[in-house]
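Could you have a look at this structure, given as structure tokens, before my questions?
Think of it as A, B, C, D, E and F in the order they're written, each chain with its own count starting at 1.
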Amino acid sequence: MFNEKLDDIVTELVKNYDSDLIQFDSPNRHFPSRSAIVGIIKDLRRVLFPRYFGDERPCASGPQYFIGETLTHIEYELHREVREALLFRGGDNLSYHEADAQASQICSDFFYRLPEIQRMLFDDVQAAYDGDPAAQSREEIIYSYPGFFAISVYRIAHVFYELNVPLIPRIMSEYAHSHTGVDINAGADIGRFFFIDHATGVVIGETTKIGEHVKIYQGVTLGAISLRAGQKLAGKKRHPTIEDNVTIYSNASVLGGNTVVGAGSVIAGSTFVTQSVPPNSRVTSSGVEVREPGCANLEVKVPGEK
Amino acid sequence: MFNEKLDDIVTELVKNYDSDLIQFDSPNRHFPSRSAIVGIIKDLRRVLFPRYFGDERPCASGPQYFIGETLTHIEYELHREVREALLFRGGDNLSYHEADAQASQICSDFFYRLPEIQRMLFDDVQAAYDGDPAAQSREEIIYSYPGFFAISVYRIAHVFYELNVPLIPRIMSEYAHSHTGVDINAGADIGRFFFIDHATGVVIGETTKIGEHVKIYQGVTLGAISLRAGQKLAGKKRHPTIEDNVTIYSNASVLGGNTVVGAGSVIAGSTFVTQSVPPNSRVTSSGVEVREPGCANLEVKVPGEK
Amino acid sequence: MFNEKLDDIVTELVKNYDSDLIQFDSPNRHFPSRSAIVGIIKDLRRVLFPRYFGDERPCASGPQYFIGETLTHIEYELHREVREALLFRGGDNLSYHEADAQASQICSDFFYRLPEIQRMLFDDVQAAYDGDPAAQSREEIIYSYPGFFAISVYRIAHVFYELNVPLIPRIMSEYAHSHTGVDINAGADIGRFFFIDHATGVVIGETTKIGEHVKIYQGVTLGAISLRAGQKLAGKKRHPTIEDNVTIYSNASVLGGNTVVGAGSVIAGSTFVTQSVPPNSRVTSSGVEVREPGCANLEVKVPGEK
Amino acid sequence: MFNEKLDDIVTELVKNYDSDLIQFDSPNRHFPSRSAIVGIIKDLRRVLFPRYFGDERPCASGPQYFIGETLTHIEYELHREVREALLFRGGDNLSYHEADAQASQICSDFFYRLPEIQRMLFDDVQAAYDGDPAAQSREEIIYSYPGFFAISVYRIAHVFYELNVPLIPRIMSEYAHSHTGVDINAGADIGRFFFIDHATGVVIGETTKIGEHVKIYQGVTLGAISLRAGQKLAGKKRHPTIEDNVTIYSNASVLGGNTVVGAGSVIAGSTFVTQSVPPNSRVTSSGVEVREPGCANLEVKVPGEK
Amino acid sequence: MFNEKLDDIVTELVKNYDSDLIQFDSPNRHFPSRSAIVGIIKDLRRVLFPRYFGDERPCASGPQYFIGETLTHIEYELHREVREALLFRGGDNLSYHEADAQASQICSDFFYRLPEIQRMLFDDVQAAYDGDPAAQSREEIIYSYPGFFAISVYRIAHVFYELNVPLIPRIMSEYAHSHTGVDINAGADIGRFFFIDHATGVVIGETTKIGEHVKIYQGVTLGAISLRAGQKLAGKKRHPTIEDNVTIYSNASVLGGNTVVGAGSVIAGSTFVTQSVPPNSRVTSSGVEVREPGCANLEVKVPGEK
Amino acid sequence: MFNEKLDDIVTELVKNYDSDLIQFDSPNRHFPSRSAIVGIIKDLRRVLFPRYFGDERPCASGPQYFIGETLTHIEYELHREVREALLFRGGDNLSYHEADAQASQICSDFFYRLPEIQRMLFDDVQAAYDGDPAAQSREEIIYSYPGFFAISVYRIAHVFYELNVPLIPRIMSEYAHSHTGVDINAGADIGRFFFIDHATGVVIGETTKIGEHVKIYQGVTLGAISLRAGQKLAGKKRHPTIEDNVTIYSNASVLGGNTVVGAGSVIAGSTFVTQSVPPNSRVTSSGVEVREPGCANLEVKVPGEK
């Protein structure tokens, strides 16, 4: 039966292919390769934390051969993918030669920042170790914590976002999202010593700003109050600002581009915050209470309880 | 030591194998192959959005060869898996020949509906683009949005659910669930222009009905109030109805088979809704307020706040 | 440009490699292999539920050959990984020979408990079938329910936790976490007939204790109120106790080491519980109500509603 | 340009597809799978020589689990391939059910002979060790001698030839041929203690008969004098008989169905023999000389030399 | 120790890299990809003999979709490899744009000849079937005869040789050589109905010319008498001419660019022919004898025998 | 039926496993891994001829990172395989520690000789280019000539033979043998500028000694006259000596440990040489003729011809 209908179905689908969403007949546009970008992430992690994610071999003559060769390999892959992404966005307005030169500059800028990325990740490991009594060692965090994985990918993707590379930061973020359930938009601006515990179901929007020593739990949303304004809001600050030393418990939502959570505040689980709170606040579903700095013991009550 | 105990452990496990859950000695029952079904999904996505998920080659002589050959390949795989699934359910009451004929009809029906599935997905892309200011292009949505991925798989799985194919819709749903954290039961009935933003932690139950232009966020549950009645509820409407143009914010739960969220309503984040609300309602944790249609600005307050 | 800067970047990264987080020059420490451990999980699932996850062939002469050979293979892999993990923790204080002997004992103990693990999983299947009207068969649960997958991995990982094996329980848990969004710490103590419906976004902490016939939904957290005490809390009971026959709905959080949810209680969705509730309680966001045992119909209201 | 011509080329090839050599439209005929048969060979070698060609793990509780499970796996694969081969030959005259039953019997017969095949291969190892001073151990022969590889495959393929299975013996022979350059037709009848040194470029025809303790070198042909009679000769003895204890040196050809090389003879390299020689002959390009048994020292001269 | 010497060894090898044989620093030259070319061969074989070498699915609506799509895929791969090969040869004298246009023309010319290649291969199958009494069917020849495999690859490679494509014909020939031990230079000119029996150890040189209905056996060389003149002989006819209906037995060598083996001749095994022989000759190691056409019974004697 | 007989077949095979050829129960002996050794060969070829056999990326900052990192990787693999091979031979007489130390020394010695191996291969490329008019470039030889492949593997394997490593040289040789039909025993001693044309069916025995600028063709054997003395001959010189500037044509055999082919000689095809010939000889099947050096034109006649 299928055989009898096949010609008709083909005809019908060929008609649909007239949609400008279909790329079948665009010979000069290519999507960056998702699997190549995942490979780049994996190779970067091997350079940043050797022997955790690969089987790099110790070598008493020093690690420079390993680093140099691995970076050379990564650059080759990255250069191509960045060029494809630029060409995809640029369309007829960008020549292959221009795209290639821009890609070259972007790669160079990225690698120049790599040592600093590594140092920031060292601090994130420390934050996780200090924050989680279940962590038996700092190595365990690097090796197996999904929150640290998501932050690692974010810190890499963020540089490409800043370098105005299209598509690739998104592909990186969604790779981490898919593996961890943590969706950090590459545009977010996140300070040092960041920790996400039990990382799952976390959303951090594109224009979020996060200070240092911030700790968040599963299910936390740092989002927008967008309400169907859609593309008109592109580029505007739509997500909150979280200052230093804030802790946000599980399933809390903090929304809105003007919302600022003051330094040292604690947001209880399952709360829904859409207005700013001053520093050292303690926010529960019963309200906001400002406390002395350092006084941080949370006694949450079941709402309605005596 | 292991060697000394091995015979005993084997003996013990052989005893457990008497359980009717163990399929070891059922030569004629086969589970449909999970990897084959994932392959079918991937191939369907290549036909629906060529060059996004594969390396299909542009061909000026037209896409008919690509479509015809890919569908022929998919049909071959699908036919076999559907037949196995029917035989698994049918047991001794269904002959191989009958199952094969039914599978043939089911495949034919499915492919006949494929062009319409594609058109629905075009609309879903549009909904996502209109709804997300962070989207830089509609191509980006197709290529990398997990919400769109989950909806794509749902729209395919739903047809098999309607065609009463066992196991396969579930395998498809769980594939999308595993990759995105979005669990849309294939039985749900979802209208056009559907968008899930920051897709993660979303649950949409089997008997849910969703209208057109509905937008939901991460962590939303459209679920049942089942309370241990279990299998007795099978087949009954247990999940809510969401009418056109409704928006449901992050971590909200809407539960119950009789619950209807009227058209144009907005459900705030982290709310817990178990009763119907009229059209154009605005539901927060403080209560329900009905508004004029079109008046859609949400000003949520932290509960208890002045 | 990259080529010109490469030597400098290498030099900079070599400096970072002085960090004690970097394992590049530690020839005698190896992380257990993540992929080997995932392989062990997969093989164990094939023994526990043959023909669901592999293509084991029925054999009228009995399953003993299949079981014996597969266990022998698993033991080989497991032995090596356990030894590596012990050596990683032990550092210079543990000889290869000692580690090998301990690994041998641990493997032997683990396999001795395998038949009991299988019987517990049979009960978990039954609990899922009784609890989910969307389940068409018990086979479907084993084959495709992510909640059952997460519980299966937990029951295996828990034995290694009890046998005081480092790293491996964590790797197992994170494997399940990554695939399902369900993060059950291997240290949790969970009774028979456990069911997680729509498994996604669930967190169960290390010192949680769960009775029999407990059912939880997506987004549930059984967590700690840790507030930055960090490593000082290691080893203390920080997570709640859930007694028999409790049901916890979607997105509820139950926190704290002293929190006990009494037998037969029902916790409504999106609640935030940090204090103990007596048996047969019904907890909503409006408060706690104690009911007669068996009286279990939940009528939740939208808070603030008349 | 290609795109413009594609439709024409397709049309032209479609015409060629009318040839009865093309199987495109024969839904019920399948070739046995070459890769499956290669897999069967590899698995059989793992059973016959465990740990040489796989990574089977020693198990002090005995090898029965390994053997039983591996044979069960092989039987499953073999059964299917034999059935396909029978159906391919049988066409419309053989039902699926009949083919399946015959395949079942054939598999059973084959496995029954497997222990004897193993014992014959033990003897072939001994022959190679006794015959090659470059062999450092008998393990080296099993592990790495292409001549032994070719003989192993032959001994397996020969059983299927005797059981009158179509195609599969040929696929097996060509697998060995491709890897070693040794083409032993599965129909040949070869005695114990057979050795091929420097195995490459050797051809042994279908109706060849070889006794025990025969040793041949690279480039030897035991062939037919067929001269274009072609298919009329099918089934007739066309290849020579080699009696016990014969040695045939490199690049010699012995041809013809009536040619018998008597026991204990030595055939020098690069000779071309088409008539029978009596026992204990010494054949060089200068002629045939009969010697006392046991007197085996060959002093070959360059032809034409004084 | 290795670690101590590594820097020195690296330095030494870096010096060797100054050789102009090393391509490390030639960013714009790429070898054609061997694996891509092997993939092209495999895909071409699937088009030429569908279902023998792949799992193409029968489709009652006709094979045009299969052919069109497969050719489109092959063209994409081939185009790139041909362009790389042209650029490799052209060096600085050939622009990317020119190479691309030439590659486009070459691909178009190749595919235009593909139907004719297929018809020639049909004839080669017939020749093999007529010539080998051990062949049970013509399908068996296509499916498993190494001689037919080598001829198939030759007939493809020869077209690229004629189209003056560098490197690729050689890569194709060596692929067949490696799998079969048959080394047919792509430059040879071979007529229809060609058959190589027991294909192994056969060499056919670049300027060989072979007529129709020629049959050769294992170990045959059609070679040059080159004697160290080396590159001076490039382009000259150095290999023999074999006229129609000639048979050449195993291990015979026919050498020299002026050597012509007349139509209908038979060359016995292990002979060494360096001068022309008239039509209908019978060449043995004893000499040349001219016979009546059709009188073809070979009675070879062991040299020196009475 | 198989199922009924399985227990019996297992029992029978278990009995065969008592043979001392079976390694099933030898926990401490491991064969070196064939696939690891093939990987080592491939990696060495990538270092020796970068970009020919891999996709090493040009890097203007110099090749030292590539070389250093690749050698470090190879050393890791090689060290382990050499140690296993030593332990396999050593049995109970060699401790793990001793084997490890010996392996370390062997690896160090091998890498120290690697630059020299590379230089010898450069010369072999030159010899092939000078000797083959069909070669279009020297790159083509490196990239695709099987003779050069076989020589490359030999030059590597020979070093391990000289370092007295068991099994590994054999595995290397058989890898090349299987791919090319050229069987060069790693023990042979072969001078610079060696070329094998149309490499197939070539055998070069363990104690062969070959000078510089020697050229041989397909089917040549440099072998032993062993005649069943077998293991008694181990270690003795059994294969010929070929002096500088000798050419040996196709299918010729030169046999015997005392046979010396004097410098500058030419051996015609299909000859069989078992006695020494003086320098500048010209050997045909008609006899030996000594010529003036430099007079090298071969005019071969068909034997028996006038």
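The rule we apply is simple: contacts are C-beta pairs under 8 Å (C-beta built on N, C-alpha and C of every residue); 3 or more make two chains touch, one makes a residue touch a chain.
Fair warning: this is a prediction, and the values are worked out from it, not measured in the lab.
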Handout entry: Touching chain C and also chain F, the following chains
Key = A, D
Exercise for the section: Look at all chain centres (mean of CA atoms) and spot the one farthest from the centre of chain C. Expected result: E
Problem - Candidate from A-C, B-D or C-F with the same interface as A-B, over half of contact pairs in common - result: A-C
Handout entry: Pair with more cross-chain C-beta pairs in contact, given D-F and A-F
Key = D-F
Practice task
Can you grab the rotation angle between chain E and chain F? Superpose on CA, round to the nearest 5°.
Solution key: 120
Practice task
Compute the distance, rounded to whole Å, between the mean C-alpha positions of chain B and chain E.
Solution key: 53
Exercise for the section: For chain B and chain C, let me know how many angstrom lie between their CA-based centres, rounded off. Expected result: 25
Fill in the blank from the handout: Touching two or more other chains in chain B are residues 6-7, 10, 59-61, 64-68, 72, 75, 181, 200-201, 219, 251, 270, 285, 303
Problem - Every chain pair in contact, whichever chains are involved - result: A-B, A-C, A-E, A-F, B-C, B-D, B-E, C-D, C-F, D-E, D-F, E-F
Practice task
Please name which positions on chain B make contact with chain E in the complex.
Solution key: 57, 59, 61, 64-70, 72-73, 75-76
Completion exercise
Contacts from chain A onto chain B in the complex sit at residues 1-2, 5-7, 9-17, 19, 21-27, 30-31, 34, 88-89, 166-167, 170-171, 174, 177-178, 181, 183, 185, 187, 200-201, 203, 205-206, 219, 221, 223-236, 238, 251, 253, 255, 270-275, 283, 285-288, 303
Handout entry: Residue ranges of chain F touching chain C (in the complex, touch as defined)
Key = 3-4, 6-7, 10, 59-61, 65
Problem - Residues of chain B defined as touching chain A within the complex - result: 47, 49-52, 56, 58-60, 62-64, 66-68, 71-72, 75, 79, 104-105, 107-108, 111-112, 114-115, 118-119, 122, 125, 129-140, 142-146, 179-181, 198, 200-201, 215, 217-219, 247, 249-251, 266, 268-270, 285, 296-305
